[in-house]
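Here subunit A shows up in two complexes: once beside subunit B, once beside subunit C.
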Partner chain A sequence: MQFLDQPIDFEPLADHAALTFVARVNAQQLMAFCGAAHTAERRLVALWGSDERDRDSQNGYALHIAFDMAEGLACLTLPLATENPQFPDLALPFPAANRMQRAVHDLIGAAPENGDRRPWLRHANWPAEFYPLRRDTPDARFAAVNEEYAFVRVEGDGVHEVPVGPIHAGIIEPGHFRFSVMGENVLRLEQRLGWKHKGIERRFVNMGLGEGAKLAGRVSGDSTVAYAWAYSQAAEAISGAMPPPRALWLRALLLERERVANHLGDLGYLGNDVALSFGLMQFMRLKEDWIRLNARLFGHRLLMDCIIPGGVAVDLDAVGAQAIVDQCQALGDEVTDLKQIYDEHAGLQDRFLTTGRILPSLAKLLGVIGLAGRASAQRWDLRCNHPHEPYDRLEPKMAIERNGDVAARALVRFAEIRESLHLIRKIVSEMPPGSIGNLARSTADKRGFGWIEGWRGDVLVALETGADGKIRRCHCHDPSWQNWPALEHAVIDNIVPDFPLINKSFNLSYAGPDL
Partner chain B sequence: MNFYALFAQLLALVTALILAPILNGWVNQCRAWMQNRTAPPLLQTYYTVSKLLHKDALLAHNASSLFRVAPYAIFSCLALASAIVPTLSTELIFSPAADAIALVGLFALARVFIALAGMDVGTAFGSLGSRREMLIGFLAEPALLLIFFTTSLISQSTSLSTIVATLAHRDFVIYPSLAFAGVAFTMVSLAENARIPIDNPTTHLELTMVHEAMILEYSGRHLALIEWAASLKLFAYSCLGLALFFPVGITEVADPVSLAMSGVILVMKLAIGGFMMALIETLSAKMRIFRAPEFLGTAFLLAVLAMLVHLLLESGK
Partner chain C sequence: MIPILRQILRTGIVSEPAPAIDEALRTTTQRLSAAVLAQLGRALVIRHIDAGSCNGCELEIHALNNPYYNLEGIGIKFAASPRHADLLLVTGPVAKNMEVAVRRAYDATPEPKLVVAVGDCGCTGGIFGESYASCGRVANIIPVDVSVPGCPPTPLQLIQGILTAIAPGKAATERRDSSGGS
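So, the complex of A and B:
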């Protein structure tokens, strides 16, 4: 099978929920494909590397690049030489590739031929020749060291730098933000992330499929359902054990509940960041009720470990279904009231409107995805673009805004809460009966992909088993990879005190892109 | 000068020192209730101050002596400021020496110290906070002075005691100018005391802070003094507002019975005033920092209007 008139033969993979194709390419083919994909306005989903020296002594490393094609997911693999592995720089057609390429260098040791070669995940305490995802690298732990990172300097009269983080005044995740400001106006923002590298991708190696599901569910706590489902899709593709329909519907129920919980929290915090504590208190109350019902029905407030390869670990009885329907009704009414308060609060709207703007043209250029993308008119939502069961039956409506400001991102959240509540009611009433799980047994030397629209954007899990059927490489891709650079652009020409609000309106993950 | 005036003066100072943290706690309680939260105890500011007094004061390596002196200077300025505001009685020994302009000067002196201390260690946040504080201050001070001038024109004096005595014990006359001045004064108080909609006293977002950004480097007894001083400032402004615009109950003679009576009335007025402040804070969102000049510009305009209204309608010629 070929895409975009490129002479590359893609091989379709069986047993995937979304159509998935893989191909091996050389550097010229890759560049030609990237150019064609850019022209055709397709997007880069993920980019990662792997160590293949045990299989191929000549081409000991590989670079994998996944694209969202109209037909489904297309993953290209570029073999890299064992000696001095290098690959062409893809950041020109796809700016989002920049940090992923730098992370490939930090983890595997394969570098882009030109372009930005500053470390990304690697901080000064982590030696330059230490590549954690190479199979022969020993486990190690390094003491903290202060580093001199090559921030881009803005020169000129009256320009000064404001460094913020990674330790903040509140209890939040670590991120360093370097502002170049003139008075209160932000001229440039540069981020430095990766302060809590946990080695999760390394930890996956040699785990069993079932064990891996628990770890995948802990990549990012607020997206545990999305990661667990994506991982399970990949594991099921490897084992060939498709989950029964009821399990898929239950998974969709859990995913939509996760989306609603996160959107409620974010809307509250958006109110808090303009000092409207009333909004925070009300939304947090609603969120707390929501996740308490999660705990009551499914045994975990954040729904961890509810999705397992082959199916789900929890079922829903008639009493639970009724509780969910009742809660959706009550929550829907309250959110409608709160939306009206937000809409009519002049002070809040004054802070939200035109703040942190990403125009649709810029969003397209940067490849902004997920919720932030939809607020800038980027029509990316896997539930609508590549619907798998049960979304092909549920037909969710995509929430689209065009203004790309904080207000637009808040509106997308409101619209998605409403739509998710609608979907949850539909799922509960139309859910097919039957078993909730099949046995997923691992198969040796096989690849599987899982691709799920989490609340932030699409989560990709690329899984590969080794000869013993254990996990050989598991790459988890967080949508925050694509959207963090967009935040740097959103802040330009805004004032410094508006940054926390803009940051919160994106609410990107610090942990997800630092595995 | 008599014994009772001295007694009243000391009583005013002690009242301020004791009541100020409670007023702060009361505003926080009201805010919590309006937001459906469980409120912190009324005495929470005391607990915080006493906790901080038990902690070591850590100083940055490059902190100058100014950084160490500033908390004491700020505290003294604001304690003195609350002492010269006629809270209970208008018969105070300081009143001939300290008039409304001196009061504004004391507030300004405290501001200069806190802004310099914010910049002293050289952190980015301190400088950001000091810059914003001075922006707010230079807009708020003229408005505050104009409000005092309006009341001075009514009472023909800049002495706070005379102003309050005139306003409290005049025959019943409606002064439209005072309505304008009152609104302007409320706006200035919100801005000066780092309240919503200008600043958010409870924020943890260091980039948005004004007052909190300047004191980020303080700890231990220094921070305790600054926290206490901040509640004194709120208390001084509240009492000033109540004395100028709702002067009912402030006694002219300093005898124990009327002092006790005016103390009870003061507590009631503060309770209502604190509740109103919490209501304003709950209902409004924080403005962008560049809306602050518009906000304070409006306050200034209202103060000018108050003066014009007085000259046109109330001068009696």
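So, the complex of A and C:
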């Protein structure tokens, strides 16, 4: 199998929900492929590294790069030298690679040959030569240090800096934002993230497949369903035990319920950030109703641990199905009313329109994905582009807006709530009967990939087992990696007080990419 | 304006009563005197600190302000600065990268510096445990008064923990020693 006329022979992997292809390449082939992928307007999904010294003494490390191809997921692996491992800088064709490359250096010790080499996940709290994902790195503790990070300075008469975070003023995750401002206008924003890095990828090593599912479901709690499903797909590819059809339909039900819950919360907070606290209270009430039914039917308000390798841990009976249908009807009516209030509220629209704009051309350049991408006319939605069961039967409609402002991101959320409610009703009425799980036993020395369109964007899990069948390497990729840099662009020329609104309109995960 | 008012009227008041306190959540004896607690009453100000959670606990803390739980309705509100706070609500295992920030926030909080550790991670380090990048439970970094387990704890459990922190308690009101703090 070849892509984009590149002389690289990809091997298709069996037992994957989305068609998945892997290939080993050299640096020259990789760069040629990246150039071709960029020209063909394909996108970088994820980039990560691994330590392979126990398998190959000469090429002891590897860089893995996954692309979204028209045919499916293509993962290229570039072996790196044991001594001084380096790889070509991919940030030029794909700007989103910048932070991922820096994370690879922090975790594995393989660096891009040129370009940005500042640390990303490491904040001076452990030594530069302590690479946590190298197999021979011992468990260790270090004293905490307050880091001096080399922010890019904006100079000129009247320019000053506003540092914000890591602890923010609201109930928000920690991150640092350095604004360079002139009066009220933001000239530049630079983000410093990685505060929540808690060594998840090292934690995965030597876990069993089942145990790993719990951890994957806690990479970013608001997307626990998306992560658990992606992880389970990868684990099932390794075990060869495909989940029964009913389990897949139940997973889709859970995923759409997660999407609706998060969109409801975001729409409330978007109202709140323009001083319409009425909107916050109404949407938070609807969200609470929604997740209370989660707790009643599936035993967990956020649906954690409902998806497990091999199937699902929860089922739905006729009474539960009816409760879901009734709730979809009631919620749909309420959201329609509230949307009309938002649409007609002059103060709200004044703050939403043209605020925090990412034009489609810029979104394409930066590789913005998921919900934020769709608000800037980027047609990426795995449920539509690479539909696996049951999305191949459900045929979801993609929500697309072109303005790329706060208003557009709100509209995409409204449209996706309506579509998800439609999908949920369809799932409940057409769900096949049968068992809800198969036993997923691990297989030694095998790779598996999982790829799911969560509410924020696509989550990728790349899993590999060792000779003992335990996890050798598990990389979880959050869509926020791609979209955080876009936020830096979205705030340029906006006023500082609009930043919370713009930030909320993206609502990116800190925990997900910090890992 | 009329649709907004109509919606408010149609919704009515949905707030539910607060749960009873649970003495089992307390990790130290109540160190505040009855007089101080009476002064504090229910006019409690909370500063939330995410020290490294998965953000699941944050979703449930957000829910505290929804009309069902209506935390402000019982006199408890969230502040934007630790300098305005009576109580720190801390989630997550403390990520190594957050250690300095958490200590500074604690130092910036005026007495009585009540601390409620939230979630399995805040109570024990949870699934993330301790490592080069994680300091584990909140009590490893700052003194904790009340621990609310759960993954994540429900809003009712959170309110229960917060109310327990300002309830009289059974035993003495001795000042706790500050070992474990900075």
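Points worth noting:
What we mean here is this: the second predicted complex is superposed on the first by the 512 of 515 C-alpha atoms of A that agree within 3 Å, B and C clash if a C-alpha of one lies under 4 Å from a C-alpha of the other, contacts with A are read in each partner's own complex, and residues count from 1 in each chain.
The criterion applied here is as follows: a contact is a pair of C-beta atoms (placed from the backbone, for glycine too) under 8 Å apart; a residue touches a chain by one contact, two chains touch by 3 or more.
All values derive from a computational prediction rather than experimental measurement.
Touch criterion met: A:I200 reaches subunit C, while subunit B stays clear of it. When the shared chain is aligned, subunit B and subunit C each come close enough to touch A:Q282. Shared-chain residue A:E161: touches subunit B; no touch with subunit C. Once the two complexes are laid over each other on the shared chain, residue contacts for A:P500 go to subunit B alone; subunit C is not touched. Shared-chain residue A:L348: touches subunit B; no touch with subunit C. Applying the stated contact rule after C-alpha superposition, one finds that A:W126 touches subunit C and leaves subunit B untouched. When both complexes are overlaid on chain A, the residue A:V274 reaches subunit B alone and has no touch with subunit C.
Counting the residues of subunit A touched by each of subunit B and subunit C gives the higher count for C.
By the touch criterion defined above, A:G170 lies against subunit B and subunit C together after alignment on the C-alpha atoms of chain A.
Comparing the two complexes, residues 169-171, 278, 281-282, 285 of subunit A contact subunit B in one case and subunit C in the other. By the touch criterion stated above, subunit B contacts subunit A in their complex at residues 31, 34-37, 124-125, 128, 196-197, 200, 202-209, 212, 216, 282, 284-291.
Contacts from subunit A toward subunit C in the complex involve residues 123, 125-126, 130, 132, 139-142, 144-146, 166-167, 169-174, 194-200, 202-203, 214-215, 218-222, 224, 265, 278, 281-282, 284-285, 287-288, 291, 295, 301-302, 304, 337-338, 340-341, 344, 509-511, 514. On the side of subunit C, the complex with subunit A involves touching residues 3-4, 7-8, 11, 14, 48-63, 65-68, 78, 80-82, 92-93, 95-101, 105, 127-134, 151-152, 154. On subunit A, the positions that touch subunit B within their shared complex are 160-164, 168-171, 184, 271, 273-278, 281-282, 285, 345, 347-348, 350-351, 495-500.
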